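The chains carry the letters A, B, C and D, assigned in the order they are written, with residues numbered from 1 in each.
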Amino acid sequence: MDATQDIECKNLTLSMKLMGEHIINMSHELDVTGPKKMIEDIMGADNIFLMGAGRSGLVGKAFAMRLMHLGYSVYVVGESTTPAVKENDVVIAISGSGETRSVADLGKIAKDIGSTLVTVTSNEDSTLGNLSDTVVEVPGRTKTQSGEYLERHMRGEYDYLTPLGTSFEISTMVFMDAVIAELIHITGTSEAELKSRHTTLE
Amino acid sequence: MDATQDIECKNLTLSMKLMGEHIINMSHELDVTGPKKMIEDIMGADNIFLMGAGRSGLVGKAFAMRLMHLGYSVYVVGESTTPAVKENDVVIAISGSGETRSVADLGKIAKDIGSTLVTVTSNEDSTLGNLSDTVVEVPGRTKTQSGEYLERHMRGEYDYLTPLGTSFEISTMVFMDAVIAELIHITGTSEAELKSRHTTLE
Amino acid sequence: MDATQDIECKNLTLSMKLMGEHIINMSHELDVTGPKKMIEDIMGADNIFLMGAGRSGLVGKAFAMRLMHLGYSVYVVGESTTPAVKENDVVIAISGSGETRSVADLGKIAKDIGSTLVTVTSNEDSTLGNLSDTVVEVPGRTKTQSGEYLERHMRGEYDYLTPLGTSFEISTMVFMDAVIAELIHITGTSEAELKSRHTTLE
Amino acid sequence: MDATQDIECKNLTLSMKLMGEHIINMSHELDVTGPKKMIEDIMGADNIFLMGAGRSGLVGKAFAMRLMHLGYSVYVVGESTTPAVKENDVVIAISGSGETRSVADLGKIAKDIGSTLVTVTSNEDSTLGNLSDTVVEVPGRTKTQSGEYLERHMRGEYDYLTPLGTSFEISTMVFMDAVIAELIHITGTSEAELKSRHTTLE
């Protein structure tokens, strides 16, 4: 396989380095107003719902798993036994563009029901951003991509194929895990306690 | 909610910063022997299969989506229409410990069938590591967690709740996206070409 | 638990008997024009895509699994590695009311792309029915339920909770498995051949 | 396409008729001892967990959706936010052969934890059958298929491709929906009440 004879993985390691630098920059520049409000929303909610399309949906699931481990009542929109949303619930949308149509449509319903809507996005001034009670802006994709995720997917209009280091989904996953770290700190739960608590659940 | 009055998000931003530093270190220290072999395996495969449990499974899905966008024939083990694995296929396992039982069991089958097994893990010297044709070691979780993922999940023995900055899943997602960047470089596909190609598919 | 002291399971067995009678009636009254066309569509397609919301989506997955076993190139809309739809592809929608908004929206895209749209529904005269190249009418739910599945789900407007024997999803699953039986007959594949073919794939 | 010129759909309608007759026979011959116990288990549980592989897993999800609609606390094993199983919970396994390895392994854990294990199977005298507190025997597949579902899937050893009318999955879906009918009867909930209750949840 000649094409691969000369693989030097320079783009690979460069891409990782740029992503790391992007995350460090993000840690310095993050406006914590949104995250603080988001943490309060989570701690005050009866139930928490995560939603997102494509890779953003996977990041939502990864965060939902962690919240469940911490003892929160949390669901992913679209999974089999996810219940109806009620007034005292919090719905967290993840959308790089803030314009993903199916997610924005559900965001409107969430507001209509009276629940609290939180959006994590790169584009604060967007349909989801303007609709939300709480917005967290994660720097990343600057290009606005509107429309329905599955529609674009069906048409082959795939997401921005970031070759070098500024993936919205990775930035968001780092932010979401950092929210978990903060929640553990606030509730004073040591890792040892967490592990022992879980073990004694059996 | 008094507990949240004083949220300063210091753990949140610190956690992000540590994760960024962890990724930059990883970019410097990564042994590219495994990644080079992994890229050759992917480029030479008839079909590529991703597998992993829990959050590692989500990272596998995120990578599989990108490979599909690049035009590869790729599947996620456990989804509805994933076909049987054959001799000229590559199976990529993601497991922090290298010991996740259900994944290791399927790894044995993959080898038995004669396909190429690639493992991305923090623990090269593990059941999956020792079984594999190609191993990529991603630094992260040092603790060995053996056993079946769903079993541990059912028992409430949740994954290591990383409070500060060394999540295996995030490191692996960064590495996997960097593999995509390298593949785009090798095949000489510009982003503009990728987007135009996809748009004309309609 | 007093309430359960007197469980006689009369409703349980009656419900099963009514469902069986409903299926036998359906086998007598089915207009085979749509099913014949659907089978031709499947046999002539480059790729087949299944889509549906909630329980209809599960029935679509169950059918997609069988088609994959028979050797067709088949995908479920919304799974990780499902590719873009193209002109020579067939998209099969499952919707009791024919009005499920997210599915109807995707049906319009499928027509726009130039692919063949097949709808399995209880309501031929519906958005999806009127949009489709091929319609199969499966008797069942007579009530029209319009709107977006996840929207109604989020609001707690659950599907018609059929207590007695006319579930659209079960009728459709029986019909879909019968399509598989017909495909096996047409292609002259004996079950023994199927099993041996699959075994030698290893 | 010559092969399809003569499609008469005789196998299609015959297959549906046989499935209907199979279900009617099942309604007459069902031993209600297991179903009665299963209904008591469900009504007395803190949480209910469904599990199954492949098409049986889809049937479990369809049942879990209905239980959620009725107000039960119910989860599907393997979905993102499914919590740990505890002593007062009920775990319902669906397995035609009663030998699906991954499901049987989890069944052992469920018993180990002290929860109640219910199995719906065609093969009462099987690993899962012998392990369970409650067994429901649904007639269907007589062939014993042992081993791990994903393993067999990866090898291309697909499930018995029932061409003519005795699908375990359909029989089980009919039985499960009949359990819902019985639960609605026992709890005295009219369909009108159910719908109004759900509507007022908003």
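Rule of thumb we're sticking to: a contact is a pair of C-beta atoms (placed from the backbone, for glycine too) under 8 Å apart; a residue touches a chain by one contact, two chains touch by 3 or more.
Not measured: the values here are computed from a predicted model.
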| item | value |
| --- | --- |
| Intersection of the contact lists for chain A and chain C | B, D |
| Rotation angle superposing chain A onto its copy chain B by C-alpha atoms, nearest 5 degrees | 180 |
| Higher-contact pair (C-beta pairs counted), A-D versus C-D | C-D |
| Type of chain B:chain C copy interface by residue overlap (half), same or different | same |
| Chain centre separation in whole Å, for chain D relative to chain C (CA means) | 19 |
| Chain A and chain D, separation of their C-alpha mean positions in angstrom | 34 |
| Shared interface positions of chain B, touching two or more other chains | 61, 65, 82-84, 113, 155-156, 198, 201-202 |
| Touching residues on chain A, where the partner in the complex is chain C | 77-78, 82-85, 102, 105-106, 109-110, 113, 148, 150-151, 153-156 |
| Of all residues in chain C, those that touch chain B in their complex | 61, 64-65, 67-68, 74-76, 79-84, 86, 113, 198, 201-202 |
| Of chain C, residues touching chain D in the complex | 1, 3-4, 7-9, 11-17, 19-28, 30, 32, 35-36, 39-40, 43-44, 54-55, 58-59, 61-62, 65-66, 69-70, 155-159, 161-164, 167, 169-170, 173-175, 177-182, 184-187, 191, 194-195, 198-199, 201-202 |
